[in-house]
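All chains are identified by letter, namely A, B, C, D and E, in their written order; residue positions are counted from 1 within each chain.
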């Protein structure tokens, strides 16, 4: 379980997150929404150590991880999906996926097993497995990134806009896969503007505005609790 | 205004006579050359000061780096003259730099003794401020041709570096070989290249010279020896090898070329075997003592320039440039390699004291330069040329 | 242009005006050399800093101007003032050619290809010694005859040239043209999708900055009364780039400050004999490592810090008012 | 005003476009949908001149523009945005806005007015002097959209303009778009956000595997079995 | 026949030189590929390698092979330290103009090391104990055993590098790192350490080349300048960052130089490769293997 307590963070001297606190509960999918530029991505980056926090703590299973180097978080079972395109364009799809298993690279069998599992889930990747990732379409890259994230058998996922660029059909499949992960005891913290589709898979919703949590609610009670915010949501 | 040099304090301008030194201390010049010049000049100055200095004052050396490059040399001269206010300058071992430097010396009317650059033009221009105590190309090439004639070589290959010294000598040699009807071919190479195999192959393609002239300095000089040896071109029973640069007399030759230098013939204006003057041996010993290595003839040149300047200033009784120049023209001074005088008729030898040139040959691996035999000119020769089997 | 830049420029101008009254000839000589480097660094900055074309051939272009000017003034007896202009035109044309040649190249490819070009150029002028006098260098007539005591003349002349070059750069940089060129540096495809004539802009910049280098090179030749291949070595080019970058790339004032300070540092470290280049290298590393934005960046930072102190107090005031 | 005929393009073994034909009439808003990798972005790249087609031609206002350079197409009045953002990262937001206008030689006053108005419209005025790379991804996408508008293009091609937009922002975007359309602009929009594209488009084209699967009335295309099967799932 | 033998001799020599350059160029391309940095101090790592083997074999009296190994190891460590000390600002986003920064700081390093060597070791040429003496007759050409050893060892070093880059996890990670640093971190790759390793490896290859060639071409402070420029040419010829390109580029360079020497004039030898480069770039602006960087 992940808990963010009173965190300040930003770029250079500019603070983007102000005294922000939230919780991603175990076996839950916690959804994070808010206007563009509210600081959602900044929050995920701060959790993963890409943005330095200047105040507060970030606890993962009771341990403060805010001062750990980013790459070590992977060893702790945390996986991160960036909002921007982040495939390795000159590597093949197979190599891209393999790197997802860097944390247990010594265990050859497990690596192969995971690879096969991903190819089963995403047919496009299987077809293009020996092609360069850079030559795929936008949505195909996104699919690869999601598969690569799942390669590492994570316990906690930080996900930034997984469905952006995905066709509705693939997006639905991705949500289903993510939802399914909860049963394996995985904690998910996800930023997704496509609320109409994603809310059904979520357990808990935070709304971020100008770097702070402006409201929070159980997903099932969203409409009752957050009337104003919700109005346009379900439309798009 | 000028209180930059620490130690000597404010009264410095009255108490010391400032002598400028110039030479390559950093690439692209040959730093080993500049370093020897600087060391030997300092040695001479220290000795003179220990003996009471000149006109009752100590000499002080201001040595500037010319990097062996024209612009840098020019700038260094400007600095010596306009900033340090030296009364006379000596040094330089690269013709290209020296040619730029003499212009500055002339413009500012400051006496300048070139220690080790051989281009004819340096003295041929006839600048009254400019003197030289090294051989010039004309003389050097003449000696080579004499050597060729004496030993009856008939087919010569020349590999020369793309410096003024290299190119200048090739031109002079070509002219004389053509006049004398001696067969030859030649190639000019970049000093920066390190693989001379292509050029050596080209020179010997369908051709078997009996003498290979290696008109190179620095690394190139060694590498030509080494690579010619590896290719089995020279020195062999059929093809002798002559090294034109100072480098043959450096102790590094054996480490860098190994067995390849056995039988190599080389030139030097100095050998302990040819007893030049009484000054030679003490200078060599003092240099060894001070700097822990054997001096090459470059050091002797540098050392002499200071003696000559000190002598001229003493005789002039002042540091006025015109008077120093006048005194220099009347020089008659025993240096480390003979009695120095400066001829006054125009031409390449104007203001140029020409030291003797000895042709030596290594006959043993790891032979000390001092132990090599003199093979030419015949009046001082200690041995005949040894031809490898 | 920023207020700060203006102020610094004004100070420099005043210093330059009164400098000859206070320093000796040698110092003036150094300043003249610095002016040459400032022109080189500034025009290189126009090319690399603004349009993103990192060229290593800038010194070779200056040298092409210098040789052209030198050769025609020697052989045709044309006055250096005129021959320098011809040299600039030729350098511009060579630049145009090089610009077209490297049009499709970017970043490191361009850098290394221009190194290759510069090396060929140097090789040719070293080896074609019958024309160029090889490594010895070509002696050329002085701009004002050959007497050093005319140093103040040279100083004034290069001052005027520098002002003209700067005016040109200033007009280019602080104009729509300059902004467009910067957009090309950022993303060529996006720029063309926004209607920018990428090819034309890149070539214009290449040509102009080459011509400026040609002027600088020609001037130096007729000041030194000598041109040699030494000018074209990578080390010399590295000096120019160092000046632009240490001063602050992509800023107007950067190369000026950089050129001035590096030339002075280089002069100062000469005191250390054969250690001097080593020390120079170390200084270069340290400045870059600890002030990567260059000296101009450092100055703005200090300046901003001062300003921020004032403005933060102002904004808190506002908050209080609310 | 824009017409493509028999457009084909392949990359190695991938046939990204296969004999694509369609026409855009003035003031239309055409939506393009299709599975990932079906060739939508490739179509846009080919129309704007980033890729050369293997076959086929592109006509703009009855002029064959198949082989004219990128920037000339832009100057003729074809604007666009990119799926993978292509801002001038180290220029400020404001400078990004001015670049296209400068190319059209607009007067200083005109371009500044227009830029201010657009920035206001999408709420980016406060970031005017920020470097583009320091914006959040959503803000960057918005900026790219309004930057394209500075070109005064008659037709604007948008590649997934709302990806990552907050719903309110999508609404603002749609309102802006419709307003611009009323003022005479034509749009071609690639979009995966079905409700959004349904709301704005006058005509929908569904692409699959590089071929036009179906085109016509948005409602019809949306409910077509083939489209649902291939795309909507 | 008169014509063929000298031509073959020239070509053989060109190929031998080409193989030796390949090792250096490979190091340069490795550093560029992973870190996107043109290492201007590459020639100075070559020089350091040569001096270290000199110190080991002449001053400490160790076997020449140990000298070479020592050179590789020490230059590797020096390379890693330099990367840590000088290049970190690039990754921490402290510099705006990353390319120029890297270029210049390595340029400064190059000046520093070259002139530092001048001060420490003096300007005089030196040579380590050669691995072998004597010559080998190849029919058309007799070649020193030293060169043959250098070529064989160079090929072994190159094969090892190719294996690491293409077949191991480390190699895949290095290639990933070269393309997206943040994304590699997300994989759990320690980007800092790996970056240093890459730089160290590249430097060590230059060091190896220096040590191998030290007895052949001698040791002196400015020895690295020309090989560095040649390596620049090679890696653009073969496309920067491409391993395959570096190897083919070196061989091509060796061949073109010898053909030029044979058919044109030996004086312009260094010019031929540059001309070739410019011609190739006109046709393929990204080099022979351009387009994709790590296509092996």
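FYI, contacts are C-beta pairs under 8 Å (C-beta built on N, C-alpha and C of every residue); 3 or more make two chains touch, one makes a residue touch a chain.
Here's who's who by UniProt: A, D = ATP-binding cassette domain-containing protein; C, E = Branched-chain amino acid ABC transporter permease.
Predicted model only: the values in this text are computed from it and were never measured.
With chains reduced to the mean position of their C-alpha atoms, the one farthest from chain A is B.
Centroid to centroid, with C-alpha atoms defining each point, chain A and chain E lie 42 Å apart.
Computed from the mean C-alpha positions, the centre of chain B lies at a distance of 75 Å from the centre of chain D. Once the centre of each chain is set as its mean CA position, chain A and chain D turn out to be 28 Å apart.
Put simply, the C-alpha centre of chain B and that of chain E have 36 angstrom between them.
Annotation for chain D: residues 90 touch two or more other chains.
The residues of chain C that reach two or more other chains are 123, 127, 274, 276-277, listed in rising order.
Contact of a single residue of chain E with at least two other chains is seen at positions 96, 114-115, 118, 225, 267, 270. Chain pairs that touch one another: A-D, A-E, B-C, B-E, C-D, C-E. By the touch criterion stated above, chain E contacts chain C in their complex at residues 32, 36, 38, 40, 85-86, 89, 94-97, 99-101, 103-105, 107-116, 118-119, 225, 229, 232-233, 235-236, 240, 267-268, 270-271, 274-275, 277-278, 281-282, 285-287. On chain D, the positions that touch chain A within their shared complex are 11, 33-38, 40-41, 83-84, 134-139, 142, 160, 162-171, 192-196, 230-233.
Contact residues on chain A toward chain D in their complex (touch as defined above): 11, 33-37, 41-42, 83-85, 124, 135-140, 142-143, 161, 164-173, 193-196, 232-233, 235-236. The part of chain B that touches chain E in the complex is made up of residues 26-28, 30-32, 35, 162, 187-190, 192-195, 197-199, 201-202, 205-206, 218-219, 222-223, 230-232, 250, 252, 255-256, 258-259. Those residues of chain D whose C-beta lies close enough to touch chain C in the complex are 48, 50, 69-71, 74-75, 79-80, 82, 86-91, 95-96, 98-100, 102-104, 147-148, 150-151.
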